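As written, the chain order gives the labels A, B, C and D, with residue 1 at the start of each chain.
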Amino acid sequence: MKQHNFIAAPHTPFLENGEVNLSEIANLYAFLKRNGIKGVFVNGSTSEGYQMTTEERMKTAKAWDAAVDPDFQLFIFVGHLSTKEACNLAAHANGLKNVKAVSATGPFYQRPGSLELLVDICQTIAAAAPDKGFYYYHIPVLTNINFSMTDFLKAAAPRIPNLKGVKYTHTDMQDYITATASPFPVMAGVDEIALASMQLGADWFIGSTYNFMLPLYIQMGKCLEAGDIEGALNLQRKSIEIIGILAKNGYMPAAKFVMSHLGVNVGIARHPFKNLTDEQKAGILKDLTAAGFFEYANK
Amino acid sequence: MKQHNFIAAPHTPFLENGEVNLSEIANLYAFLKRNGIKGVFVNGSTSEGYQMTTEERMKTAKAWDAAVDPDFQLFIFVGHLSTKEACNLAAHANGLKNVKAVSATGPFYQRPGSLELLVDICQTIAAAAPDKGFYYYHIPVLTNINFSMTDFLKAAAPRIPNLKGVKYTHTDMQDYITATASPFPVMAGVDEIALASMQLGADWFIGSTYNFMLPLYIQMGKCLEAGDIEGALNLQRKSIEIIGILAKNGYMPAAKFVMSHLGVNVGIARHPFKNLTDEQKAGILKDLTAAGFFEYANK
Amino acid sequence: MKQHNFIAAPHTPFLENGEVNLSEIANLYAFLKRNGIKGVFVNGSTSEGYQMTTEERMKTAKAWDAAVDPDFQLFIFVGHLSTKEACNLAAHANGLKNVKAVSATGPFYQRPGSLELLVDICQTIAAAAPDKGFYYYHIPVLTNINFSMTDFLKAAAPRIPNLKGVKYTHTDMQDYITATASPFPVMAGVDEIALASMQLGADWFIGSTYNFMLPLYIQMGKCLEAGDIEGALNLQRKSIEIIGILAKNGYMPAAKFVMSHLGVNVGIARHPFKNLTDEQKAGILKDLTAAGFFEYANK
Amino acid sequence: MKQHNFIAAPHTPFLENGEVNLSEIANLYAFLKRNGIKGVFVNGSTSEGYQMTTEERMKTAKAWDAAVDPDFQLFIFVGHLSTKEACNLAAHANGLKNVKAVSATGPFYQRPGSLELLVDICQTIAAAAPDKGFYYYHIPVLTNINFSMTDFLKAAAPRIPNLKGVKYTHTDMQDYITATASPFPVMAGVDEIALASMQLGADWFIGSTYNFMLPLYIQMGKCLEAGDIEGALNLQRKSIEIIGILAKNGYMPAAKFVMSHLGVNVGIARHPFKNLTDEQKAGILKDLTAAGFFEYANK
């Protein structure tokens, strides 16, 4: 069985007034590293990257670059509705020494009308970070850009010299099965179905719940190795149950609250999220305890 | 590893003038049985059941009942926009000796606005075939009825005494993973991702491609048993490729053509499908040959 | 200004046990006629036609045929997922003396993949009622069949000799504006925006709220004639408000309850609708009274 | 009849290398003003505002502010996925002397889960431009944020002191009819159905086709005044036909080409749009000529 490498999509720490709190990144990095995380995908969805200004995104990327060890997989999300601004972000990341790759979605206000146009855009952005790898970030549930990644990898490979793969945050298992025939990694990006990807041979996983319950997924892999499918299924069901508890009042602020409870003060969530009341926080802790969450929690 | 049981969704044989051709059913049954099929799901989507009149559906159910051996898994689809007509179809199937279960979708013109209403409707239909099992047919891509099957099984179990499970023709792996925690079988119903279900422990599979390429899926199971995930993946990719060839000019008429080519004259497809030109048929045969289809075809 | 002709989509009277109650149709007809209704669209959405068996639909059509005066616009909806059954229904309607036209949607389980296939299907059904007119019933919100009616009318005109027009139950004003350039009537089918159609020159209106509040729409037309756009707008807003009151607990059972309250006992609604509690009924009456509904109600 | 005021959504002039070409704005302003345009909505969809960097958007706003006369309706779009950046853009616009109002969509990557959250966000942005009016920009076809504007105006009025109205770029005539009961202007934003809004009493219109064929819409208003509905309908159908010609190879680059042909060099379109070949441009001119476009074109 392949090794399973987990990349966290880290929360951006914000202060109570909503400002970026770069001073907490070292603590967050230490926490993730200590728990076995192999890398981070900075400024993406879980980081509330699209809710940050260009300047904030650059500062945050720089802070992560300063915080991590050289062998850590540091990915910077540089997607933007403006391809020009995406290129600015990519060029900035290109100048950071520990960054391994950049990643982008396509623009999703007016959207590329063909796969060819999407590849054009990715080529432009990837060329702005020529010393780093490039991963396309496929997340149609948020972008409504939904081309087959099987087709994308075929079309992009000859045109993007630094193409490294796809962050596949989608549930289309048919496309996933055919896309993984390509030589490029197709990183599993939906934690709720990590098991299905694991069984189909995935070795790279990116997600937000690895921030706070990686042991659950590591144990899942061990079950599979031991041929215990039912045990693995029960762990995946547990992960789904826990995510359900967090999602009840809004996943993002709840996940940030859990991180803070575990000792990393990532603070509040920004617009368009609604932060939790104290009563909601108490309810979440109660439900998580009842579900046995702390047995699987990062320490 | 569990045994894999394959149920075919058989084509209804039609004459060139579009009339039902019951005389071909014995031949179709012999063909499926000879190739290892354990049962049939009659009058469903692949059977063009919704395109048939109530009278035709009853005659077809009766012909299958007369054709099969007593240990064969004979399921009759009885769904209808009119719950009253669905009950008529269920009552008819209840009177057939070899039928093991009936199955229905909910009504999907005006649709049930809550899970409770869907369960009400299923309870009504299941009660009209009290001597048979009942499977809910979950196929949101065609019905736009999309409740969680995890929730459905919990809500229906205490209310439908003859509930046997769900035919799960959907790609929501998260719901599939939690629904399979129930004691009821959740039959895998999307052939393109049969591998994912197989790895998650499925033992029952229903689909249309088992009609003509069951050996591919049997071999897939053997790969898994041998720990050869890449081999299993390549077989699933081959099945997707073959389905793609058939879908190019409309899957239904192409699949019926393939069946006829393999020796079972299931004839044309009805409205709203468009039948193939001779040129299209020749193109399909050429493409199937190039893809190596006949290596995996039922004999 | 053109004359405004209103066609009601009548409820099918059901008994408390859910059986069709044909004996109430004469009373319903008298009520509609007395209030100025020019015709009825029988067995369609408001009639719960798709929830009825073929036999029930034929009996109901026959009862309406017997009830109405020869100059009344009697339309019979004959759409069915099975084109063959739709033809049976069309042929039956063709034998009824007072029927002016039949109407059908396309089949919407597996759906026609092109406009040409939809026209094929309509041609087949229309040919089964050659002595009556044919109206295509465009209601994409329920069928998910959404071709441009501008294109449909162009393609169907040369192929369907008895084509009479379209029942346009959709909110796409752009397509409506171009479709109405055709010589065929495009009947306005969304009561909530009847005013917009009226201003764009519509002379035929089909809907369910004409059953119980036709005076509101007649007064709307008079406002327009007098150049009082604000008055017309306020009446449309009132109609929207009243529909909102009915929709709160499910429009269909609420509308049937209102009809019964006004003296026509159309009884309960069938699956998939949920009938009202006595408390809900009392709440509706209270809200309707507060909204001034009875000022506009049919008598 | 009310006066009809037309606001253009102006193209941002780009050079062949994709850079903003501020020097053309004076010419564009003179062209629009000469043709009777009352204002411009800068940096919105037609301006490719979301495809521009923050810096470019500020420079463009400033250039427009310098170009226009004090009585011209200058609106600046300040929406951004990052509410913080939207506030930066709003604060910048607040410092420009001729700006009358700012406008924003909600953020549409992760989207506000309730109307209350959308109002929160708008309140935050509007507060950053306290000396200007605020219009919410409702364009669900691009943002997938689809709350009722009737409800929005009710909820926002007491919370946003500088609320001025809504730019309504949507086809939901029911919501439009009820929203227009509010004291705030609901600006008609879909040129293809401008006639429907006009008849429902709209006096403010915002759109992209007023850039190049305002005379058509002015004539439409005159037809209505004269009671010539058929004439007005034919003009709206002509506008739809012309838009269809432009949309065939991508509306944005085609519309920019038409502007350049009319004497305002707005240049190419940015990603994700595909620019036209010379052959496509020639085809468009031929089709526009055949459709009689130049009879209605701005001079």
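We take it that a residue touches a chain if its C-beta (ideal position, glycine included) is under 8 Å from a C-beta of that chain, and two chains touch if they have at least 3 such contacts.
Computed from a predicted structure; not experimentally measured.
Chemist: To reach chain D from chain C by way of touching chains, what is the minimum number of steps?
Modeler: Shortest path length, in steps: 1.
Chemist: Go ahead and note the Å separation of the Cα centroids belonging to chain B and chain C.
Modeler: That gives a centre separation of 36 Å.
Chemist: So, what's the distance in Å between the C-alpha centres of chain C and chain A?
Modeler: 50
Chemist: Got the chain D residues that touch at least 2 other chains?
Modeler: none
Chemist: Would you identify the shape of the chain contact graph, picking one of line, ring, star, complete or other?
Modeler: Its topology is that of a ring.
Chemist: In the complex of these two chains, what residues of chain B are touching chain C?
Modeler: Those in contact with chain C are residues 18, 45, 48, 50-54, 56, 81-85, 88, 106-114, 117-118, 120-121, 124, 142-144, 250, 252, 270-274.
Chemist: Which residues of chain A touch chain B in their complex?
Modeler: Within the complex, chain A contacts chain B at residues 171-174, 177-178, 180-181, 190, 192-193, 195-196, 199-201, 229-230, 233-234, 236-237, 240.
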